[in-house]
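The letters A, B, C and D name the chains in turn, as written, and every chain counts its residues from 1.
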Amino acid sequence: MIVAIDQNICTGCRECAEVCPAFAIEGDQGKPQTINTDRCVMCGQCVQKCKSYVSILTHGKEAYEKVKKERNIPDSVTEPLFAAYPVCNLDKVKAALADPNKFTVVQCAPAVRVAIGEDFGDELGKLTPGKLAAALRRIGFDRIYDTNFPADVTIMEEGTELVKRVTEGGVLPMFTSCCPAWVKYMENNYPEIKDHLSSAKSPQQIGGAIFKTFGAEIDGKTGADIYSVSVMPCTCKVFECGRPEMKDSGYRDVDVAITTRDLAWLIKDLGIDWASLPEEEFDQPFGIYTGAGTIFGVTGGVMEAALRTGYELVTGQPIPNVDVTPVRGTEGFRKAIIKIGDLELKVGVVTGLKNVVPVIEAMKAGTLDLHFIEVMTCPEGCVSGGGQPKLLMDADRAEAYAARREATFVHDRELPLRKSHESPAVKKLYDEFLEEPNSHLAHHLLHTSYCIK
Amino acid sequence: MKKELGSFVIGDSTKCTGCKACEMACFTVHNQGSNHVGKTVGTVTVPVVPRLFLTKFEYGCMPIQCKHCENAPCLNACTKGAISRIDNQVIVDPEKCIGCKDCMQACPFGAVTLLPYAKDGKVVAQIGSNETRVFASKCDLCKDVPGGPACVRACPHEALRLVDPEAEREEKNIKAAEALLLTKNWR
Amino acid sequence: MNYFVKGNPDLCIGCRTCMIGCVVVHEGKHIFEVDPDSYNFNPRLHMVKTAKISVPVQCKHCENPACMAACPVQAIYQEDHRVLINTDKCIGCKACATACPFGAIDIVSLAGTRQADGSERKVANKCDLCNNIAGGPACVRVCPTQALSLVTEEDLGGAMEKKRMEAARNAYMEIHPQNGG
Amino acid sequence: MSMGIPEVEDAGCLLCFGYNGADSHPIVARRIVRGRQKGMKIICVDPRVTETARISDIHLQLKGGSNLALVNAMAHVIWEEGLTDDRFIQEHTKGYDEFLKVIEKYTPEYAEPITHIPADMIRQAARMYATTKPAMILYGMGVCQFSQAVDVVKGLANLALMTGNFGGPSMGIGPVRGQNNVQGACDMGALPNSYPGYQNVTVPEIREKFEKAWGVPLSDKVGCPITHVPHRILHEKDEKKRIHAYYIFGEDPAQSDPDLAEVREALDKCDFVVMQDIYMNKTGLYADVILPATAWGENEGVYTCADRGFQRFRKLIEPEGDLKPDWQIIAEISTAMGYPMNYKNTEEIWNEMIDLCPSFAGATYEKLEKYNGVQWPCRDKSMEDKGTPYLHKGGNFATADKKALFYGTDWHPPLEMENDEYPMSLSTVREVGHYSVRTMTGNCRMLRSLEDEPGWVQMNPDDCKRLNLEKGELVKILSKRGYCITRCLPTERVKPGATYMTYQWWIGACNELTLANLDPISNTPEYKYCACRVEKIEDQEWAERHVKELYDDIRVQMGIDTGKGAAS
């Protein structure tokens, strides 16, 4: 169980069914709903939407504490609990932290740093990478790494793959594979197009595979010593890290994923005062990242990052304008043609999983003329993920997403390096470990084949 | 021109899905000040105490809230003087409320309920015991909230409506009169 | 059946004599009291003036009164061909006013009555067809253009019967035009 | 009025011109409604949607101040389309050809941009008026309260003459007078130029007749119209002509005259002001002596209705306190000033008056009792002369040769037009329930409950939207002469750009804004047109408080409600 609806709390309003892209929420109007796990892609949008809270009035004085226990939520939590909720793995994280034999490594997704402050009363979309690193350090993780780094690596692998497919005649169009809910959706509904999916793993899993191999090596450890935790804006990442194939490092690549909200609980649970935290750096070398890695958090970000590097891969020249604005935006489906030397690369960006259906149907009908398509399940990419701080009022949603998106782009603009291939950490990885993108080792560790249902 | 009557919010069971967005918005706007509630769930440290109540009944559901009665039985029942009429609205002073339940009994709508009282982000304990202090929680029409009643704004289905009884009566009068023109049925 | 007063916009000149007449009969000799606050000026009908129409609007004394159904304290009842409000019971909750589609109910102050906070009691106010007032609805009596009339069961029932006969006759004539005169 | 009011309902066509019966005379409005029920065609000329406009066949919603252009255009159509009663014109009128020269240019197309009424609509109205018999014209203050008032009255008479609509029942032209018994006041010679019975002061034989009857020498000079008084107090250089004393009764110039700031200055500067009224009013605040008078029901006498009908009114109750009826007060003052008046009752006065007025000579108290009133002219004391319901019987007019005179004039615009600083027009109007100045109705608690200070300014909803005004909001309304505060009343009954206020309110006193632009003949001010500006008041709480304070202040000054209002 990754995402569930509490039968005792649900009022049956079916507002969640309105936002569910997979038509997985079943039940009569006015009656408690259930999630059909065969259809559910675990995106957590229902969790974000649900307002049916555990109420003293409706459920009694004792209900709140009881529900908290049932859900494995830290005792210290006092905030409202709702009918739709995701799994909470904080107990596992706490246990690992307490285990002296575990070398705990944490990675943090790009969208976390533009949202977690909200749960401490910061304004919407406040950019807080420094506090985030400081908080993780105080929690007691041995290595504070960043998913932005494997995001840069993803670009190297996926970008190389794309260039190959385009220049050497592979299966096109190629879809991104960073979003686990999208991957799950394809598996559930369109297994026949699996070859269109990039074989590159998602940044979380690439990070996981590197941390337990090259990372362990750097720290003089073995993969067995390492307990790898990821902090994600996404409920489905919890599912992804548990997928059976995600153990190419020889171990479970990522041991456990928690959400942005889980991390906020953990910080509060440990009595860490967010407001007074200093700004700190992520740890070397896998805490180094470029602007390209950080924009993975917004819709179009993977595409833009890929273009920044892909341009140089194909032409040998840096991209004239590093801000690839044609792929930015929040519309459900956007198309652009990017001139890369003599090549006119036709790209598409889908955000909001429901919007992918017509794209796939067009592709199957042969009317879709595109090379590369980014797909993100959540409304505006990972910044609007199911594990992000939940808004009390939907009226604030648009403002929150816009602020988080803007903060992400600000972060990108202000970083010294903005292209994945320029990252010294990426260079180090390939120089010292993987040799080159899509190398044999890279394929083994960083690529996978899905649809093994 | 000063209004004579208190406005109020009413729900529409034909539109309401029971999502409680109204209750959540109500709670949020009333706790943004003294209880430091921000815009996300994570900023909440106190129990969710709404001032309107999503009510399920045999044929559906709708929020029930105060009508700001002009002879408010709650106000007339309150011997402690904790309920007063301010700018035409019936308002409870939680600091004065002793939780006697007279108002609950007096209100024919069930629009007032004793719920935990919190201040500065914490529930307030009673003096002389560790029990939580309560207060008569009811709609104050978001008197201090810019933009008016949060429930109305929060509803995804426009199932809540702010009623200005005087203006509405005039509108209905006009409609009723003009219906005569459309039917000419006075002949 | 309940009776009601209906206005004819072709005759109405918007003078509001009906409103004054309404207050005068309901307040009786109180209107001569020197302190104007000691009597109620609460007309039970309202003059509507738009670009197209002038006519007073008042309670239709519905057969299934929405106001009565909405009242949480059973202060509205039907009696003697009319819908009435027991103002002693009324809590001024405005539910009836909201329920009424004609805007025929307003909430008004009752002079000389007090609530716990010292303010005047406010209660629902609407046409009572001049209940217990000799001569019947004052508005009908005082209108200078005879624009108001009391509609009774006889008027309505009889009119419907007439309309049906007319409709039947027309249908018959269509088939038997030779019988037409 | 050339006709009697009861005849109104039997007209074939009614041209209702600048006359809002429902608000100013519900009793006449009742006749219009009844006429409508009988099939009377109605042409309503009014810039607002009045009750008459609402039930009319044709509503000419003209731009304020364009009356004469419309009247001339209607005459033009009647002439152009040959709808005239040529025989009537030939036998009973003079000056037709000269008149035609004036109206020749007033084609409906010429009038359209002036009146804002489509040319075709003017044609239709003219045809309806000219072809439906009998056709009657009623006009009100929408004609008279313009600087071009008498010209329009004559223009309307031209229409009736052209179409032969004089000399029978339910036809002719009817000025429905503005105020209660204003007709009576004029009949009794309360005009600067005439003795009772419209007998001119400048005619020596008439003067001699009155000198003989009253035993005193009388002036042969026309007196001073009320609207000239402020000037004669404030700006008259000739000491002998300057007014030093001002005796005002049954009138409230500090409320009802235009440009109140000037009126107040005049009353202030005037050496001696006497005020005689039934209640305290604004003029009373400037009076040196206040003479309390009896009200309707506390005295008796004769009123004249707008249709020339003398009617007896009677005392119902004895007045309380130190009160005397007007006639006694006047008699006592006259006596004190050296001219003894020893009337015992009103009949004595009445008899003296009718004996001096040929047109009223037959209207004895006996006949007024027996016939429930008599319409003048009533020349013969015999019981057979029951008066004259309609005038000009047989086409005979009150001129030497019994012929009516056509009189054509060109239209000219009102004096003060809208401009950048004052972009809207203001017209003063009536509202039913309150009447003239508020001396009477403002003191009726019932009517005051219906509408109270500070009154309303009627505006088109689009204008309200533009100025961000809600119904009931207090607004400031300004003209070159001053400002006042009143409430905004959005109504689709008025056209954009125009505003309307009733002039009885003390706070929302629209005469702070109006200007004393007088008709050269009638000396009636142009109450119906001046330029104004409406301003939003941001601080409504302040405005509400301010209005209340102003009102309380006035009441305290006037000594009203001091027992309660002032003390609390």
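By our rule, a residue touches a chain if its C-beta (ideal position, glycine included) is under 8 Å from a C-beta of that chain, and two chains touch if they have at least 3 such contacts.
Quick caveat, the model's predicted, so the values are computed rather than measured.
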Query = Which chains does chain B share as contact partners with chain C?
reply = D
Query = Taking each chain's centre as the average of its Cα atoms, which is closest to the average over all protein Cα atoms shown?
reply = B
Remark   = Of C-D and B-D, the pair joined by more C-beta contact pairs is C-D
Ask   = Distance from the CA centroid of chain C to that of chain D, rounded to the nearest Å?
value = 37
Ask   = What is the distance in Å between the mean C-alpha positions of chain B and chain D?
value = 55
Request  = Could you give the separation in Å between the centres of chain A and chain B, each centre being the mean of its C-alpha atoms?
outcome  = 40
Ask   = How far is the middle of chain A from the middle of chain C, if each middle is the mean of its Cα atoms, in Å?
value = 66
Of all residues in chain A, the ones touching two or more other chains = none
Ask   = Of all the residues in chain B, which ones touch at least 2 other chains?
value = none
Key: Category of the chain touch graph - line, ring, star, complete, other   = other
Inquiry  = Please list each pair of chains that are touching.
reply    = A-B, B-C, B-D, C-D
Note = Note: in the complex, chain D contacts chain B through residues 471-474, 487, 544
Chain B residues touching chain A - in the complex, by the definition given at the top = 17-21, 23-25, 27-28, 36-50, 53-54, 56, 60-61, 113, 115-116, 150, 153-154, 156
Inquiry  = Residue numbers of chain B touching chain C in their complex, please.
reply    = 4-6, 8, 10, 67-73, 75-78, 84-85, 108-109, 163, 165-166, 168-178, 180-181, 186
Key: Residue ranges of chain A in contact with chain B within the complex   = 11-15, 29-30, 51-53, 55-57, 64, 78-80, 118-122, 124, 261, 264-265, 389-396, 400
Key: In the complex, chain C residues that touch chain B   = 6-10, 46, 48, 50, 52-53, 55, 57, 72-73, 90-95, 97-98, 100-107, 115-117, 119, 121-123
